[in-house]
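Chain naming follows the written order as A, B, C, D and E, and within any one chain the residues start at number 1.
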Amino acid sequence: MTLRAFLTNRRAMAGAGILVFFALLAGLAPLIAPYSPTNINFPPMLGPSAAHLLGTTANGQDVLSQLIWGSRDTLIVGLVTATLISGIQLIVGIFGGYVGGWIDEVLSMLTNIFLVMPGLPLMIIVAAYVTVKGTVPIIFVITVTGWAWGARVLRSQTLTLRSQAFVEAAQLSGESRWRIVLTHIVPNMAGILVANFFGAALYAVLSEAGLEFLGLGNVNTVTWGTMLYWAENDEALLMGLWQWMVLPGVCIALLGTAFGLLNFAVDEVVNPRLRRT
Amino acid sequence: MNQRIAIGLAASVSLAFALAAAMASNVGAAGVKTGGTLYSAMPWGTIPDNFNPFLPSGSNAGGTLSVIYEPLFYDNSVNGQLVPLLGTGYKWEDHNLKLVVTTRRGVQWTDGTAFTAKDVAFTFNYLHQYPVLDLSRIWSTGLTSVTATGSNTVVFTFSKANTPAFLYIAGQAVVPARLWSKVKNPSTYTNPHPVGTGPFTLQSFNPYVVKYVRNPHYWMVGRPYIHGLVIEAVKSNDTSLFDILKHNIQFTYTAITDVAKTFAARAPAVNHYWWPVNNTNLLYMNTQEAPFSNTAFRIAIAEALNTKLIATRAYYGAIGPANPAAFVPAQAKAWFNPSLKGLEHPYSPALAKQTLKKAGFKWTSTGQLESARGNPLPSYRILVGAGWTDFITMAQVVSNELQAIGISTTIDQEPWGTYESSLLTGRYDMAICWGAGTGPTPYYDYEQSLGSQYSAKQIGQVAVSDWSRFTRPAIDRALQSFRQTSNLAVQKRDITTVARIILRQVPFVPLTNRPNFFDYQTATFVGFPNAQNPYNAGDPPDAPGANLMYTRVHLK
Amino acid sequence: MSLLLEIAGLTVGYGAGPTAVLAVQDVDLAVHTGEVVGIAGESGCGKSTLALAATGLLDPPGRVLQGGVRYAGQDLLRLPPAALRHVRLRQIAMVFQASMNVLNPVLRIRDQFLDAMQAHGITSRREAVERTQAVFELVKVPARFLDAYPHQLSGGMRQRTVIALSLVLEPRLIFMDEPTTALDVVVQRAILQSVNDLRVQRDFAVVFITHDLSLLIEIADRIAIMYAGYLVEEASGPELYQQPLHPYTQALMQAFPPLGAVRSRLQGIPGQPPDLRQLPPGCPFAARCGKVRQGTCDTVRPAMTIVTPGHRVACHLYPVSTEGGKQA
Amino acid sequence: MTAPVQAAPEGSATTDSALVLEVRGLSKSFTVGSIGRRRRVRALNGVDLRLERGEVLGLVGESGSGKTTFARALAFLDSPTGGEIWLEGVRQPLQPTPRDLHRYRSRVQMIFQDPYASLDRLHTVYRTLSQPLRSFRIAPASQTRAACAELLESVGLVPATDFLDRYPHELSGGQRQRVGIARALAARPALILADEPTSMLDVSIRLTIMNLLLDLQQGRALSLIFITHDLAGANYVSDRIAILYAGHLLEIGPASALMHDPYHPYTQLLRKAAPDPQGGFRRGERFDASGEPPDLTELAPGCPFVPRCPQARAACHPHLPAWRELGGQHRVRCVLYD
Amino acid sequence: MRYLTRRVLVLLLTGWAALTINFVLPRLMPGNPAEVMLARFQGRLSPRALAALTVEFGVHTHQSLLAQYVAYWGHMLTGNFGLSLTYYPASVAQMVAQAFPWTLGLVGISTLIAFILGTGIGIAAAWRHGSRLDGVLLPVSLLLNSMPYFWFALLMLYLFGFVLGWFPVGGGLNLAHQAGGWAGLGAIISHAILPAATITITAAGGWVLTMRNNMVAILGEDFVKFARAKGLPDRVVEFRYAARNAILPNFTGFAMAIGFVVGGALLTEIVFSYPGLGYLLYEAVLNLDYPLMQAIFLFISLAVLVANFLADLAYILLDPRVRAVGRS
């Protein structure tokens, strides 16, 4: 029922289409990228040409290859972070909502605190404190600062589900708490979980780009974020290498839009109040 | 290229052999238009509300050290000239144990009182009284006393000979004794109403713009030509670049990416840059840590690096590769001993591999280097400052080239504070940074980079400036000999000794030259320093050398 | 009694094209001044859709596909929006099914009354307040609740308030769609009584929509029975009570356990209403009907027959006659 | 109607094998409001009830009367705050351990009001029904499916195999409620609490579901508490009817007696207000009902119905009247019968 | 006022937590401000000078953590944040006080504009939902919402600042002007337009989306339908009935939104060389200026907290229901 609603949802399909496109790009990067993204042996600052469809960077890297390979690490950061964030949200939300009591009080307070703490500044500070720079710390930093909102949503959803008749009926059927959580609560939150997942992925991709831009990222990888970092620092726009500056941003925005569309569509499918169009 | 932290290599000083009467040629030049306000924008972020000349540049408002306070002499590291400012002459006496400096007559502090040798003596004794202020460690050079022996003579007495110390003395900003003797806590005193001898006085200040106005009683008659100077603090190199491209400002100090194309070519008639080399960018290796403690390993790294490519990638041809013994080009001719020829390590990955093989290293089937015992080497970190894209670019090339001989590396960009303290405490594998000292002879860099008094015995302890933590008694002896003499031949021999050790043992790999990044445009004002008229070394607008520019620039 | 509202051949669908679901099909219904017309049927029979369509409140994807609604000589469905707006509340008021939620939760009751009156030209605040107080008195809600927010009222009070609001401009017709379903019997009874009193005083007509036929029998002058979007029977209340003709109506009458009678097993209506997306040919009730005649009921859709004056039924048991008389 | 009930609710024959449930002084209150303005909502105030094996009790009350609270307290979905619950002669702790609950629920089951909300939309009928079978170890794993089919047949969903693998959205409201009934039956309980099981169903199928409940109850000698606001419905299914108002029982007695001759003014009011399909057109009939059920946070000590009672008098105010038995197990709590 | 008490409690606890995290973070840090200071002075400090400095910064205290914590609170409450390492010997309080008004002005005003603009567009889209406007707005808002702030800022700066020259290329004030007077104000405004537009455009997308969704949901509510049935003019229904309610959930989402905007503003400030807290924080981080970092983070957190608290208060004012005492 919901799957079909999802499959016939134009927004979902548009979002999924973009995501699949980037996923293919990422998956097939070794096959379709003309060069290695870290190969710095081309003449720098070339405009678009047959050999370099999108030109080269100021460091003599092929922009197209970087763009293609960049999708890989960008997606990895986005999806891995979103997975971690979703995991925390699920645990905090369910613990808070279903177990209740003082655990809930503590977790709620923690959630509220992280909710109010401004994400990027906190991220910057934590990133400054993390001494080893790399993709893992970046994922860590974004995860730590990005879970609160979804956890709050999931908690209230858990609270709602907990008082639903079918959950009470399951209690009366002699089901244990944890079986109820696993077989009733979690599956019924799947839609919101998925929507949150895409929201978190959007947050992660944007945050990664922001950290890279600030020079707090990992320069060893090629992501759209690092591309922007280099393009900005090497004055891509002044050099007339607009494609180097514009395209990674467009890719981030498109990927973000895909995540947003999916988030939105799942929301629409799950929440019938929005399904009136 | 984004050295957002404008920690100047400001106190660049030199030793001169002859005093140049540089003033004469310019004073009273005919047809000079006076008036106008000169603008600059610097990526400083914010301007500190502080005009204390004893603090390092960057901690006080830009201009404090260039237009308000003046030192005794300005040493031009580019042309080797020594320009007299508050001092007019000096001589070493008593086997180099006594330095006698004559001070300028007829100079007035901006509050109307007269400048005398007493102020000079006061300033140096003040540094002794408050060691926090003695940034150049003048009182660690063997100096024992400073006294004014007349209204225009100051005598510096040393316990042991140290001729290079003159440079530090020459560059110290001088303050009025009358006012500073009353200051209680000079290290935190913000000096809100600065009184100096310089060509300008403070007009107004806010955290984003500081304005100076011409000092009508400046000791150089008729100077400065311009009436005002405004320095704006901007947040990024982009902004200052945009500002100068739009001719909102006349000059800035920014390492512009591909400066010829991005900046100069946009208005070839008026947009200019002058990037005179005065230092070297080095690849430091932590010699207290394996395998960088292994000389053969370091040599192999030197052989594996194509410094030409590194320079091209990092500076787009504006700056060239470094001399392998880290001589600055302007000094190489004078100081490079032909006997050093052949000790360099030319770029050759094959040779590098051979060197490694000879030292017992092996390679895995995938081409990774492993130790003699067959343990694959880990990935080493190359430390660079966050956002310093010239260094990061160098690191990328280095990383690529080391990969070619089987050494894997990752680039570790750190915020400036972490970067610097990692460098000082030896918590790094490899790092890219400039040479620790600059001056008119290689001595200054060698002393700072390799002198055992600046090193540390263990990782974790602070090595003040010997960041590769490499020391040799032979080096210390050579430096000691250099200090105690004013005989050029002896000094040359000493420098050659150190250079030979550098080439043979490679404590660091010189990568590229390092210049001052001076950019200017001549649409409305002229008279900026350049290669044809290098009256200063392209110093940043807050460094003492900029003083010379402010007294020469005038309306077109 | 004069004709007030005339629904003729009204067909309403949701969606468009071949997948459209016809919620109301070819319904004729007249409402005269001052009378109470009851519409009864199971959920999904189209009674609420009929009310919305007849008042021009149908939201997309619902659409009137055929037929018309005439109110006091005007074609309601073709009125320009501005004119239609003036008909609402002032001429035709509507009390909704989920009355609990029809009041704006963030506005005080008083303001919601004032909004309504302002929209219909009563700009004097004093007049508006006076009118409001008057209707509050009518529906027996203390005037202090004027300053309350909806959530501060009990369900019964809220329902009374909504009825008061529907009365404040003295309309001539009120649609009441399950106005008391969510309420307890005692409150329901009290409200029905109030409405009836008011109706007598002010002489407005009521279209009362409910699934509770027993309630309609008690209060309605005329009752229309709907099933699967069709009007299947219409008669005066007493007539329908005494002589329900359509097997569905009969079953519906039997579907409520009696209050006082001796207890005996009753049978409900077997099966369930048909899926409107796949309406079978023939009589929509055929599948559940105890008197079904194979070959006829399941193939031919029965037409409306006037059995006696004022009593119509659409059932093959009562074949169409030109006289309108009853044939055995 | 089955065996007569004992007169005094205070009776002590808790070992009586015919007695399935005995409730004594059951109370439930909630705390609402913030610090400083805490108020207690007293939803149930000392309810006494006894239920025999195979008996159907109709519990009738308006919304807010506490009837749902009663069902939930009995099912331990919300723990009662006071009183005693004896099940088949065993006293149930008011703060039960999970083990206590499991044992109790194998004997007491519940049918929910909303057939749409009470089934997990993601679980098939089979999955829903197998849950109690598994957790109460009713049927071995190999026979679960057969047992489920059997349950479905017993609630009239035939052929059962057509329904086993359906999801709730593939069922009509009536069919869902049948599944809900089957689930309650699966545990083979002694007592089923049916909380307004027909109020959300279409009028046309309400009777069918009531009939089903009666058939099942009679066939299995189940006890049933049928909770409703519909007096006629209660009358249709129940042996006895109890009237609940503001958390207090006001009247209890054999269904027919209570319907024909209600004692309590409130019961009379209910009786009068209920629509009566046999009553015909009665628009002009006067009916005096002002006021609404009381605020449960501000209950006065006397009879809770006083503010709405047309026959209220001074004696009603000081305290709740005692129970009076007026013949045939028909008891009432009202000063009119003192 | 249960809701308000809870909010105040959350405010206090969150404030406490923010301060405590602020206390803990630098102490988890491996580095040592003394080393940083040494680096700052380019290694030229003698050990004696260094010792003097560290005492000044109060970093080498051998107190217990608890004593440090108590002292820290004392400092926080008296506004004594210590000295900045970067801008030594300026005090942290002085630096923050300089930057704060700029950020407050820029972020405050652009957040407000973004909120009003986004909410307005969201209302319009939902009111016409299903229309082309709505169809286009959604992906556009998503796109705007998904753009990296700094990237968009860079493009805006390049296009409007550099190429077209309509606006200054950065800074908060013109080179020629000091703050003060009309010219100063004009300069401030002209410098603020681009960064404010950047923040507004990227932030408004989020508000459009949430507002549209809320509004679509509210439009399905009975009270909106009833408002139309009352014959209220469209504008009244749209704003007083639908939008008025749809805006309420936004206040609970304000926390995240404002945090996000502050984060985005930080990047924007850096791109536009805007003299606010964002840039200062960036500087502080690059220089490991712990005292400054601590104070700025504290300030931002508290500002967000206060903004949230104000949003909560507004929520209370706008929604009578949260004032009510409800079941917990």
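Keep this in mind: a contact is a pair of C-beta atoms (placed from the backbone, for glycine too) under 8 Å apart; a residue touches a chain by one contact, two chains touch by 3 or more.
Source: prediction; values computed, not measured.
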Target chain B, source chain A, minimum contact steps: 1
Chain pair with more C-beta contacts, C-D versus C-E: C-D
Centroid-based (C-alpha) most distant chain relative to chain D: B
Chain A and chain E, separation of their C-alpha mean positions in angstrom: 22
Cα-centroid distance, chain A relative to chain C, in whole angstrom: 51
Whole-Å gap separating chain B and chain E, where each centre is the average of the chain's CA atoms: 39
Where chain B touches two or more other chains, by residue: 238, 245, 386-387, 415, 418
Residues of chain B touching chain A in the complex: 1-2, 238, 241, 245, 256-258, 261-262, 313, 316, 386-387, 389, 392-393, 395-397, 400, 410-415, 418
Interface residues, chain A side, partner chain B - complex: 38, 40, 44-45, 58-60, 128, 131-134, 214-216, 219-220, 230, 232-235, 238-239
Residues of chain E defined as touching chain B within the complex: 31-32, 35-36, 38-46, 48-49, 52-53, 56, 83, 85, 87-90, 94-95, 98-99, 154, 157, 161-162, 165, 169-173, 175-176, 178-179, 269-275, 279-280, 283, 285-289
Parts of chain E lying in touch with chain A, wherever the complex brings them together: 10, 13-14, 17-18, 21, 25-26, 28-30, 129-130, 134, 138-139, 142-143, 145-152, 154-155, 158, 162, 209, 213, 216-217, 219-220, 255-256, 258-260, 262-264, 266-267, 270, 278, 281-282, 285-286, 288, 293, 296-297, 300-301, 304-305, 308
Residues on chain A engaged by chain D in the complex (per definition of touch): 1, 164-176, 183-184, 187-188
